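Before anything else, here is the set of structures, which you'll find just below.
One chain, chain A, links the two complexes that follow: it is found with chain B in the first and with chain C in the second.
Let's turn to the complex of A and B:
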């Protein structure tokens, strides 16, 4: 074991040194991409360069990344459904957490909304706003607040897929005048990006909440894991 | 330019079908999927027609020019891969529809994952941007891991976890390389990199990371350990998709990047080293396949071996003459396509045989030739191509590689081609010897649904036919290629 650890350590050291060498010796880029981004900003529909790159110039990458997120939930759903059903823990026995949640929840929602809106002119956007929303969902879960709509499978799945579906739909619809996929007309670009970001926020939030909720209960308990294995066919 | 509108459909349609099948009830998932197959087949055919009529082209997503936005690349190689994927995936889907009836409800998640997998693969074939390739790799890889886990047995989950860790390590190494290249050259477009990339430490470290990551994802010997449990243990249509198509995804990226950067910046021995690892894969994979007792494990180790042949490409195109390089390109393309068809056929017919005898042990196939000749015949036809016997695609591919090796004076690869063929014959005939042995006189075998036999048969027959008509696919695959023959 110590030999393996030593080899792994040597390998890590080697990779680190090689990376350091590569970074120190790197040539000056001939291509000035930030300049190009700045040049295209007036047509992007937003004022913040990062949002313009993520949702306009390289929106195809973002589209596929959203597909990766949805894919993660699909795999989690499939694995959860293959597990035997058992009662789920209904949160922590902590009245204080509930009381704090009543104060925090409106604030969290306002922050998420602000982050989403801020994305068009300063750092922020769908990913950040979605993560904040997800934090609210996780806290609600821990406080044991029952949320019927989160347990409605059809509604939940629609919400999960809404972001990707909207993104994809807009990408296809803008092709009507004979332009490529995802080429927004400049005069509507701002609105379209806002619509996409809005649905993405919701879907990203729900994705992260689902990944938290779909964890099989008691999986950390070794005794329980053993009985679980025996119960399976 | 009739096909240009069809290019975005190649990933938008499967993504849409993935969402639809996720939202549908389990009973509707296969129905929706079967309805979607013709649409995607038509889109793939349209993309190919566009290439045939108007030649290679570039599709600018969002109408932004390349270093700012993302381009898609429609040339012979990418269109060929799109068509190959369409044929294999459609037949696997038809097979899966019958096959999955015997599996629990959670297996109906096969369908959303199947569509996402297809979207990811088409994304990789068309990509012209090295970061976009990373995102495509993630879509394809995560869908593939999910499909391995679908069986939900402890073994399947362990295999999926191992696969996930290998795939993640591979993509992270790739991503590190991409970050270094972007930092050094300020562009992610392959065409742009080809112009500006120079021989310096940054490019070398970046390319080394990229190659290592992709080798791990392609399961090249000795980085193959994750493949047999994942491919051999999955549901049969999943095994077929993974072995026939998914391992080609990372190999394809390696091949593209090699042609863009490889020969200029890598030390001369790199290409030979890749070839030697390929030879190791051919021998070790063939030997291990022969030693297996479980039918699908044998087929999975055969994939480890067959991947090795693809890596003979690197020593045969690097620093050799134009004619040798062209032959190596043609041979590798032929091996790639023929292996996709033959391996899918081999897994599907192995699944039929396992279903028929109710056991995955090779020893339990005794006497099956009398009762299930069709399933066995598909297995045999696919085996002919893997062994490289004429007139199959596998034979044509090896023949071209052999010529290339002679022309470039690298006779040692002939030994690999020859002994590899013998080893393949050994493990294929191991299955045949068992099935032709006299067994029980009464037919106790369960007939698999006709669709499943037919799907395997079509794939196996295609692997043979493509060898007879090799000049046509090879002509198209060469269109717009970065080397030789043009």
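Let's turn to the complex of A and C:
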């Protein structure tokens, strides 16, 4: 065991030193990317460089990213223990938590909306707003608050796919005048990006919420699982 | 310049620590945590090196924010798979590791 630890330590030390040296001796990039981004900003439809890169200059990355999120949820849905679409109720029977939720929930929604809107001119955007929404969903589940629309499987699946579908749809529609996929016309870019970000926020939030809700709340003792399986016809 | 290097070297150090944990631990949750530490290290390298020389480069920043969201989703997916594996087999590690 200690030999293994020693070998692993040596290996990791070697990798770390090699990476540190590579960082020190890195080649200067041939292309001046900050300058190119700054030069293209007027056509991007937004005022913040990171949002412009995410949703305009390199929107392919973001499109594939939301596709990866959808794939993760689909796999998690396929792998869940045989439970109905509506997850089993759970939550702490704590009146204080529920009372705090009533105060926190509107605040969380306002913060998510602000982050989404702020993305066009300062750090913020769909990912940050989506994560804040997901935090609200996790809190709801932990407090045992049931919401009809979160338990509605068809509605939930539509919401999960909405971001990717809207993104793809807009990407295809802008091809009409003969421009490449996802190349927005500069005069509509701001509006298109806002619509995409709005649906992305919803889908990212719902994705993270469903990944949390897909873990069954009951104790996952393998012996229980075995007796469950035997009891089931 | 030195600030960017300090961030990048911290990221490299995190990556090395995560790699060591990933090799040494057998428990799947510990491996997942180690893997996430490696991921955070590489994000720190990207973000750190993006701010040296010719001003802040927004392209690596956008890549990292995409990466963070994908990392969160894949971690959650891994947890779903681990729970399923534990319920199916009663093990917290993989048989080929022992």
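Definition applied: the second predicted complex is superposed on the first by the 208 of 233 C-alpha atoms of A that agree within 3 Å, B and C clash if a C-alpha of one lies under 4 Å from a C-alpha of the other, contacts with A are read in each partner's own complex, and residues count from 1 in each chain.
The definition used in the following text is that contacts are C-beta pairs under 8 Å (C-beta built on N, C-alpha and C of every residue); 3 or more make two chains touch, one makes a residue touch a chain.
From a predicted model like this one, the values you see are computed outputs, not experimental measurements.
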First (chain B), second (chain C), both or neither touched by A:79: both
Partner chain in contact with A:185 - chain B first, chain C second, else both or neither: neither
Partner chain(s) touched by A:164 [first = chain B, second = chain C, both, neither]: first
Touched partner set for A:61, first chain B, second chain C, both or neither: both
Touching partner for A:26 - first (chain B), second (chain C), both, neither: both
First, second, both or neither for A:37, with chain B first and chain C second: both
Contacts of A:106 with chain B and chain C, given as first, second, both or neither: neither
Common ground on chain A, meaning residues reached by chain C in one complex and by chain B in the other: 19, 23, 26, 32-33, 37, 57-58, 61, 65, 68, 72, 75, 79, 81
Touching residues on chain A, where the partner in the complex is chain B: 18-19, 21-23, 25-27, 29-33, 36-37, 40, 56-61, 64-65, 67-68, 70-72, 74-75, 77-79, 81-83, 154, 157-158, 160-161, 164-165, 168, 171-172, 175, 179-184, 229, 232
Residue ranges of chain A touching chain C (in the complex, touch as defined): 4-5, 8-9, 11-13, 15-16, 19-20, 23-24, 26, 28, 32-35, 37, 49-50, 52-54, 57-58, 61-62, 65, 68-69, 72-73, 75-76, 79-81, 125, 127, 130-131, 204, 207-208, 211-212, 214-216, 220, 222-223, 225
For the chain C and chain A complex, residues of the former touching the latter: 5, 8-9, 12-13, 15-17, 19-20, 23-24, 45, 49, 53-59, 61-63, 65-66, 68-70, 72-74, 76-77, 79-81, 83-84, 86-90
In the complex, chain B residues that touch chain A: 5, 7-8, 11-12, 15-16, 18-19, 22-23, 59-64, 67-70, 104-106, 109, 112-113, 116, 119-120, 123, 131-132, 135-136, 138-139, 142-143, 145-146, 149-150, 152-154, 157, 176, 180, 183-187, 192, 196, 198, 200-202, 204-206, 208
